[in-house]
Amino acid sequence: MAEIKIILDKCLGCRLCIKACPYNAIKVEDKKAYILENCILCGACLGSCKFKAIELLKDGDTEIKTDVSIYNGVWIYAEQKNGVVSSTAFELLGVGRKLADKLKVELSAVLIGSSVEAQVNILAAYGADNVYIVDHSSLVQFNDESYSEILVQLINNYRPEIVLISATTYGRSLAPRVSSRIDTGLTADCTSLDIDLEKRILMQTRPAFGGNLMATIICPDRRPQMSTVRPKVMKPLEPDQNRKAVAIKPEVDIPDSTSIKVLEIINDLSEKVNLAEADIIVSAGRGIGDPANIKMIQELAGLLGAAVGASRAVVDAGWISYNHQVGQTGKTVSPKVYIACGISGAVQHLAGMSSSDTIIAINRNPEAPIFKLANYGIVGDVLEVIPAMIKELKKRL
Amino acid sequence: MEYFLTEEQQMIKDLAKRIAVEKIAPLALQYDDEGIFPRDLMKILSESDLCGVYIPEEYGGLGGGVLEMSLVVEEMSTACGGMTLAFAGTGLGTFPIIIFGNDDQKKRYLPDIASGKKLAAFALTEANAGSDAAGIQTTAVVDGDYYILNGTKQWITNAGEADIYTVVTCTNRAKGARGFSAIIVEKDTPGFSFGKKENKMGIRASCTRELIFDNCRVPRKNLLAREGMGFIVAMKTLDRTRPGVAAQALGIAQGAFSAAVKYSTERVQFGQSISSFQVIQHMLADMAIQIEAARCLIYQSCRHIDSGQKNISKEAAMAKVFASDVAMKVTTDAVQIFGGYGYMKDYPVEKMMRDAKITQIYEGTNQIQRNLIALEIIKELKS
Amino acid sequence: MNIVVCIKQVPATTEVKMNKDTNTIIREGVESIINPFDMYAIEEALRIRDRLGGKVTVMSMGIMTVSDQLREAIALGADDTILVNGREFAGSDTLATAYALSMAIKKIGAVDLVICGKQATDGDTAQVGPSLAEKLGVPHTTYVRKIEDIHDGYIRCQRMTEDGYEVIEMPLPAIITVVKEINEPRLPSIKGMMRSKKAIIAIWNAENIGADKCRCGLKGSPTQVIKTFTPVHDIKSESIEGSVDEQAFRVIEILSAPPAAK
């Protein structure tokens, strides 16, 4: 059986590994560390030891091994809506280009939908060498069954070594279905991707434990190496209108019918700005004191063209609905600007917004954890600062 | 302190505490401010099996005693004494049936109370009969298979929300206190209505109203025990529910104390937290001593009652007097520790002080309790 | 309705703090809890059973202490529990986990619905639900915020999207993963807690469920962790001082200028 072992000669009993273990599975006795029975092989301790005294002993190689040499190329899945490619595709092309160039292979986009052929040009402009287009009227709306069936066929026929999918609602449903069918590895919500040129493998870095721990993951023996990528973290390339891509119309079996049927699509009309796509988010925490003050937050958001977010405390108190909740059990957002109003900055909330480009925090308590993450901090009463901001904005209208 | 609770008692206490923290505390200030009756809370208690904690198993309850009931009341009262009263007041209206009900009455009423489907209330007090309970004037006159009730009861907890009312009436004026009878009256009986909701100083999430009987016809089979036993039904019931009031007072005191301790460590004056000043430390120490003493007295008196002892009135009265006086003192001190903030409705302690006061008054004023205790002491000496 | 709920034991990270000196996570007395999203899954299963009749089985793959979480599920009202346990499962990534769970579910027999929480708060991947559906060969929908209709062989539900929601129908058996919006989980009952003390939890290993050991645990996991590190937040923080009006002015200035990317 696989095992994590302490190399006792190298171990000095410094206990750094104990602090890193999320499951309390290490003890130190007589200045030596021992791994306990409840170790689940998560690997969090491996990187924590400064003395290289912890090793993961594997029980032979994984039996199912793919002939990796026949897999070639970097693919990105281009999500589209109503025939228009979403910006997440450009983010994927941005990072995909870097990976493809390092591997010296081609970068291709996969586009599934209806009346999407015109999108080839924009995908080319953002860096795609090829675009695989599967265009059919039955594919106008995302459907887990048909889309995964088609993507699996494409992967099996063309054998890309890397497939990147954006970690959107659809992406996080599609990717594991596909990876499970192919029996390959999938890493979720990556915030950083790179290539280990020596081994020619993808290094996938992602947050775990609500962002308290970063893990770098590889999928050495199976192909394709699949990742979902956190939206709004990767930077698209500057679009080059002169770039051309090869449009490929592969032969795929498009299912005549699916057992899963999307009956209705409802856009939440009360939300003028989508939280996941917003460039600016104004977020309310318990510090706003009273549910009536949500109006103040909404007014500020309205003037900034921003979406309204909220901490879990505010949602649990019933001051605003759950679809505004930002945090580990709410939504993960990465806007350009996140304005935290009366939010203390509990770890679970930070997990949902730490990828924001600029964080502005307003809180009465100078010791509030949010200030450690904020680029700009105001120690003050939210109920005074926000009206002042609203006043200032109205002056400039 | 180790209280040597059984596993089941600890389970009950822990669950009640969870409900207090997760379901009661977030709503306490609002329900007090707006006087909202906690129907939703009763539903949660129902689902957790706590409504029937003191009701015998054969009628759908958990078969616990006064101690189990008090544990629930104590924990919930740390979050809000008012919201807890919907549960505790039902207990007061149910004990007469548990102690004195015949099999038919128990089968008719206890299962619905145990499941939380119905609430209960106890009606003794009248405008002219508070401490002088023997002065009640609500009459019940026999008419064939019915009693006809006339009169008004005052300050009845759960009135209007409860479905089942245990009412102490006068069936034979000539016999004085031995002419009283306890009768079960159901809501929606013709001739039975309610007065306006009282606007109270505290426990405002509890609803208090008059009961108005105007030629209200109640089946004779709703008589508890026998005619003339009404006073005894009341007294024996109160012996078992006074620890519950004590537990409510204890919970309120505990809630206020916890808030005060926390505040004192956070509030900085003269460059240090006020908890570093001896004055505050001594206040906190005295509050802690009083609360612990109250808890021990309550738990012990409950155990005394649950063990089937014959004489329980003195013990129950002692617990009630002591705990309620402690609650008043502790909550007042808590407001003092909070200083100006303690006086503001944004902070929780002024409500707790308002809530505590009633525990010195209802279910027998502390003056009456002291009378009772003294009389028991003298009786013991003489025997 | 025969319903299976898959739950995971996760560390309760509410007290997670960073040790500034060693740059590692301090875990104050690591308590284990049921993954928060799974509580909503259990509640939804219980509600369906209470309405339509049937049975709720709660299952988890994990170490022996996971029995505590399974007992919690019984205290909430679950009818049966299964612990998929054995050293052969240690080190599983989401694919190996989905495989093992699928074999256990197949062993249970005719199951109408499998409910999972959206994601676990330690791994945060949200991958097991859809992977499991694939291994079982049944349809799935993620992020379900409400079940509109469910009866023999049919389910219609609302999937939460970035813009609102979609109404999706599927035949049963199927898998759904649920979000917090779907319900308000109940508290355990005293009778439930007493039942959970006496409950016998079935413990199945790879052999019991007919799982190929090569597809389980570390061996069956195509992904491997090669490095972990605590993220260093190299933030250049600026404290905005002054009167309230001055502070507001400064913030608006910052918002008006194109913000520098981190």
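When the chains are written out, they are named A, B and C in that same order, and each has its own residue count from 1.
The rule is short, and it goes like this: a contact is a pair of C-beta atoms (placed from the backbone, for glycine too) under 8 Å apart; a residue touches a chain by one contact, two chains touch by 3 or more.
What you see is a predicted model; the values in this text were computed from it and never measured.
Undergrad: By CA centroids, point me to the most central chain in this structure.
TA: Closest to the centre of all protein C-alpha atoms: chain C.
Undergrad: By CA centroid distance, what chain is farthest from chain B?
TA: Relative to chain B, the chain with the farthest C-alpha centre is A.
Undergrad: Between chain A and chain C, tell me the centre distance in angstrom, where each centre is the average of that chain's C-alpha atoms.
TA: Each chain's C-alpha centroid was found; their separation is 17 Å.
Undergrad: Distance-wise, how many Å sit between the C-alpha centres of chain A and chain B, to the nearest whole number?
TA: Between these chains, centre-to-centre, one finds 54 Å.
Undergrad: Approximately how many whole Å separate the CA-defined centres of chain B and chain C?
TA: For chain B versus chain C, the centre distance works out to 42 Å.
Undergrad: Can you check the complex and tell me which residues of chain C touch chain A?
TA: 11, 13-14, 16-19, 22, 24-27, 30, 36-37, 62-65, 87-88, 90-91, 93-95, 98, 121-135, 139-143, 156, 159-171, 179-181, 214-215, 217-231, 233, 235-240, 244-245, 247-252, 254-256, 259-262
Undergrad: How about chain B: which of its residues touch chain C in the complex?
TA: Per the stated touch rule, the residues are 8, 11-12, 15, 18-19, 22-23, 44, 47-50, 53, 62.
Undergrad: Which of the residues in chain A come into contact with chain C in the complex?
TA: Touch residues, chain A against chain C: 1-2, 16, 19-20, 22-24, 37-44, 46-48, 58-60, 62-64, 144-145, 148, 168-169, 172-177, 179-181, 183-189, 203, 207-222, 235, 259-269, 271, 274-277, 280, 304, 322-323, 325, 328-330, 336-337, 339, 346-348, 351, 354, 356-358, 360, 371-381, 384-385, 388-389, 391-393, 396.
Undergrad: In the complex formed with chain B, which residues of chain C make contact?
TA: For this pair, the touching residues of chain C are 186-194.
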